[in-house]
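So that you can tell them apart, the chains are marked A, B, C and D in the order they are listed, and the count of residues begins at 1 in each.
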Amino acid sequence: MIETQYILTLSCPNRPGIVAAVSGLLFENGCNILDAQQFDATDTGIFFMRVVVDRIADEATEATLRKRLAKVAAEFSFNWSFRARTERQRVMILVSKFDHCLVDLLYRWRTGELPMDIAAIVSNHPLETFAHIEFFGAPFHYLPVSKATKPAQEAAVLRLIDETRTDVVVLARYMQVLSADLCTQLAGRCINIHHSILPGFKGASPYSQAFDRGVKLIGATAHFVTPDLDEGPIVEQDVERISHRDRPEDLVRKGRDIERRVLARALRHYLAGRVFLDGMKTVVFSE
Amino acid sequence: MIETQYILTLSCPNRPGIVAAVSGLLFENGCNILDAQQFDATDTGIFFMRVVVDRIADEATEATLRKRLAKVAAEFSFNWSFRARTERQRVMILVSKFDHCLVDLLYRWRTGELPMDIAAIVSNHPLETFAHIEFFGAPFHYLPVSKATKPAQEAAVLRLIDETRTDVVVLARYMQVLSADLCTQLAGRCINIHHSILPGFKGASPYSQAFDRGVKLIGATAHFVTPDLDEGPIVEQDVERISHRDRPEDLVRKGRDIERRVLARALRHYLAGRVFLDGMKTVVFSE
Amino acid sequence: MIETQYILTLSCPNRPGIVAAVSGLLFENGCNILDAQQFDATDTGIFFMRVVVDRIADEATEATLRKRLAKVAAEFSFNWSFRARTERQRVMILVSKFDHCLVDLLYRWRTGELPMDIAAIVSNHPLETFAHIEFFGAPFHYLPVSKATKPAQEAAVLRLIDETRTDVVVLARYMQVLSADLCTQLAGRCINIHHSILPGFKGASPYSQAFDRGVKLIGATAHFVTPDLDEGPIVEQDVERISHRDRPEDLVRKGRDIERRVLARALRHYLAGRVFLDGMKTVVFSE
Amino acid sequence: MIETQYILTLSCPNRPGIVAAVSGLLFENGCNILDAQQFDATDTGIFFMRVVVDRIADEATEATLRKRLAKVAAEFSFNWSFRARTERQRVMILVSKFDHCLVDLLYRWRTGELPMDIAAIVSNHPLETFAHIEFFGAPFHYLPVSKATKPAQEAAVLRLIDETRTDVVVLARYMQVLSADLCTQLAGRCINIHHSILPGFKGASPYSQAFDRGVKLIGATAHFVTPDLDEGPIVEQDVERISHRDRPEDLVRKGRDIERRVLARALRHYLAGRVFLDGMKTVVFSE
């Protein structure tokens, strides 16, 4: 039964014996390893691992196993998580006027392709902007922002994150630059979609920049947000071919398709515990 | 030092404890796991694993470890291999008139991108056909074939495989259909490149078939050879976009690029011990 | 002003002088050629052309030009069309239970990416199946079908096509095989999305077939419907990479993204007058 | 017969009547238009056209037609060229130590995929560096360069371009930055391959930069050389997916495949008269 499947993720300073210790422990506790991926980042010296196990029959078994894992974790200084595969993370979506990513995330949520709970949809534009969109009961919050009210608005966002027990924040074409302070507070749990192949065309109007430069490929990048604008760790990227015939509005149109699939993939990987921070980079275990 | 790195590959009927047993054994023998990938094929019930380790300091350590691995292998019924990462496999290349894959393999061999020894280059066309190609000392064998001489020629090929201690045979646009008997004898160690997106356009003249059908994508498929023509387990595939402007000769030209990169990737994965047979499919652990 | 732009499309037996005649006529009537593409299909001997012009100031000019074009058309035996760029074609969407293509088409319609009028949404499933989808006023028709009622249902579909002045029918994952008769009646104006890289995996359950065959790429094909199932002229195809880790349900999920973008591209090209039938193939002028 | 086919390319300030004038002239002189593409660059106001014609039976016809074209060209201020399709352009290849692009170009030249004459192969490394490469009679020139000798070396390159009647210069991983003066002299006829998705990772060691940034895609860009390093008009780009597992040397290896196909495509388009300069961009008519 699917309820007995758990995902273990961990990262720690690399040293011999981690795999042996973890797999030994799991075996001794009657778990079966369904999938395991690991990576040894030689530059930072960090070791990353994701294991899917099953045969965790009941809560008592889980509690015991968790206690024993905690012991190994302490020994090896794990940064770790152990949760049922069916446990849904809570996602907050921030959006401005362009709604293609929002609509796409909602669709994938409804069909179960993105197994999550939507903690909140937050916009700096009022509900009317999204009048044509079915939210399926996801709570909407209008938090307008101006230069003057930005600190207060960001405080409200943070409060909402807290109140809604949000695990991860998704900037689904949210056209406001977050303050350095908010970025820091959301480190490692806030994913943005930028509409260029970073590090090309950072900042404002990347499609317009791309048109002016005459590139033959456009793309999108999903990355963690950091205080350095468009410099955060990259989770996923993709591209499409364009030609001299494409006007700026064609780039915008073609880009929408890239943006929504790149953001959806990044979020899906994140929800499945496949994404790890490795300094200014990411480790993303493949599906 | 690189000489101390080894690759362990194994497949066996799945049952709990394999990972624990292997990683425990490696740890107890002072090995460090650099990379590990595994897959549990739920359809066939087979478990696949590839582990890269280092810190095997000398021959004595290696011999001890190998002995202990053999014991675990017997217990779990492993189909396994354990070899130094620097150990080169011996490759025989069969080719007919089209030389683009041959030239590409030779180039990647010379640059070290394909770490292998070339046991032999075999063709049903004479050496003059390849007059313009630098073989860098790889031995060439002219083994002409006709309907009448096919059994004898295939026997000569097999003898040569034996004599040259060939590990893997690559059909680099070898335009002869191998007999069922030869296919069986080379099961799991003979890779062919077919110039279509299998299972589309099996058999002769796939580009001509593709042109007639008016497809918008052409591709190539590297697969293991089996007695069923173009039905063997697929290792790698790739495609390119074409349009109504492309004539059959354009498909041939564009296809050459796809063929050579698909075949090179498949062979590279094979040489690195990343490719496993899983019934009529393959498991290919990503780079 | 955009209202003065017109699209001229034509096909005819190739012979010298067509381009000269058409471009001369357009010039003499004060039109400016904004874009022109042409193709000479040497196999079938047919010539194809698409021209976008502007500077058609008023209805009188248009009427005069149309009359003169008709004369040239008669001389060269054109199969032709001449319409304002803003003139919207009327699209009927047929759908069964899987709604991802329908939802995607509706989104692209709402945003103007697909400039069309929706003549009708027709399903063999009742309205409740689509309860969560906002139709934005597009009329929905429930036309259930069984083996016994198929002729009657198809007659109803045809009648609806007539009544709603539908220009093009889109089978957006409509899981019923159309009768040969209906296919013939809709020749050249009915586009289906098939979830495989045709000609691979024709017929039922292509993802299941793909899983069983162990392919490394899956894809989708938009094609005109003909009495030969999945053999109609191909308009557009695309693929994604999969691996041994992907289960049939992963293929279905990844496939949804391919299907919806392939179908949307095919329809967009069709609406823009870029798609021509060339025997059992298509000519698709690039954007 | 193929000898009677000609390629006409032209660009000029856009104004009505160009297509009518050209196609009318061609028709009146007995030519048949096999292929025609055009583009109206609304930003720069320049019109671009490429026409392939046949039925030019003899030299007299050609001379007459050329004279008449010159008249139209003067009227519309064409920047134009009219040449037999079989007429080969003369290409000079500059290369440093990395030989993958050179080897690839030579292979495509030998097979006829790149219809050109090789005017010279020039390197700042001696012939021994390329000992293993078959030049098929292409003349090799060793022109070493140091900071002090750069002006003299570049003068020698220019002289060689002149002497060998070179039409286009290809920098096939030539690791020297050309002086602004040489760039200016070679404006529009010198194509470089840069191993990044420009404008990302300009300058030195783009793969190393890409590794440090943790991107998920790497690529290559073929562009015309201008005094602004890596800022010249882009002709062609392509990418491949990488992952956290890829080390800098893997990026170099995977990049080689991208570089060689991007450069080959760009050169092939150039040789076919499909590439036009449009300010700081290019117009590339598709095959």
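Quick note on the criterion: a residue touches a chain if its C-beta (ideal position, glycine included) is under 8 Å from a C-beta of that chain, and two chains touch if they have at least 3 such contacts.
All of these numbers come straight from a predicted model, not from anything done at the bench.
Participant: Pick out whichever of the two, A-B or A-C, is joined by more C-beta pairs in contact.
Facilitator: Contact tally favours A-B.
Participant: Over half of the contact pairs shared by residue number: find the pair among A-D, A-B or B-D that meets that against C-D.
Facilitator: A-B
Participant: When the C-alpha atoms of subunit B and subunit C are each averaged to a single point, how far apart are the two points in Å?
Facilitator: The computed centroid separation for subunit B versus subunit C comes out at 42 Å.
Participant: Using Cα averages as centroids, what's the distance between subunit A and subunit B in whole Å?
Facilitator: From the centre of subunit A to the centre of subunit B is 37 Å.
Participant: Where in subunit A do residues touch two or more other chains at once?
Facilitator: Within subunit A, residues 35, 39, 243, 245, 286 contact more than one other chain.
Participant: Please give the residue numbers of subunit A that touch subunit C in the complex, ascending.
Facilitator: 35, 100, 103, 107, 110-111, 113, 132-134, 136, 243, 245-246, 250, 253, 256-257, 261, 286-287
Participant: Once bound in the complex, which stretches of subunit B touch subunit C?
Facilitator: Result: residues 39, 41, 197-201, 213-217, 219, 233-239, 243-245, 278, 280-284, 286 of subunit B touch subunit C.
Participant: Contact residues on subunit B for subunit A in the complex?
Facilitator: It comes out as residues 16-17, 19-21, 23-24, 26-28, 30-40, 55, 286.
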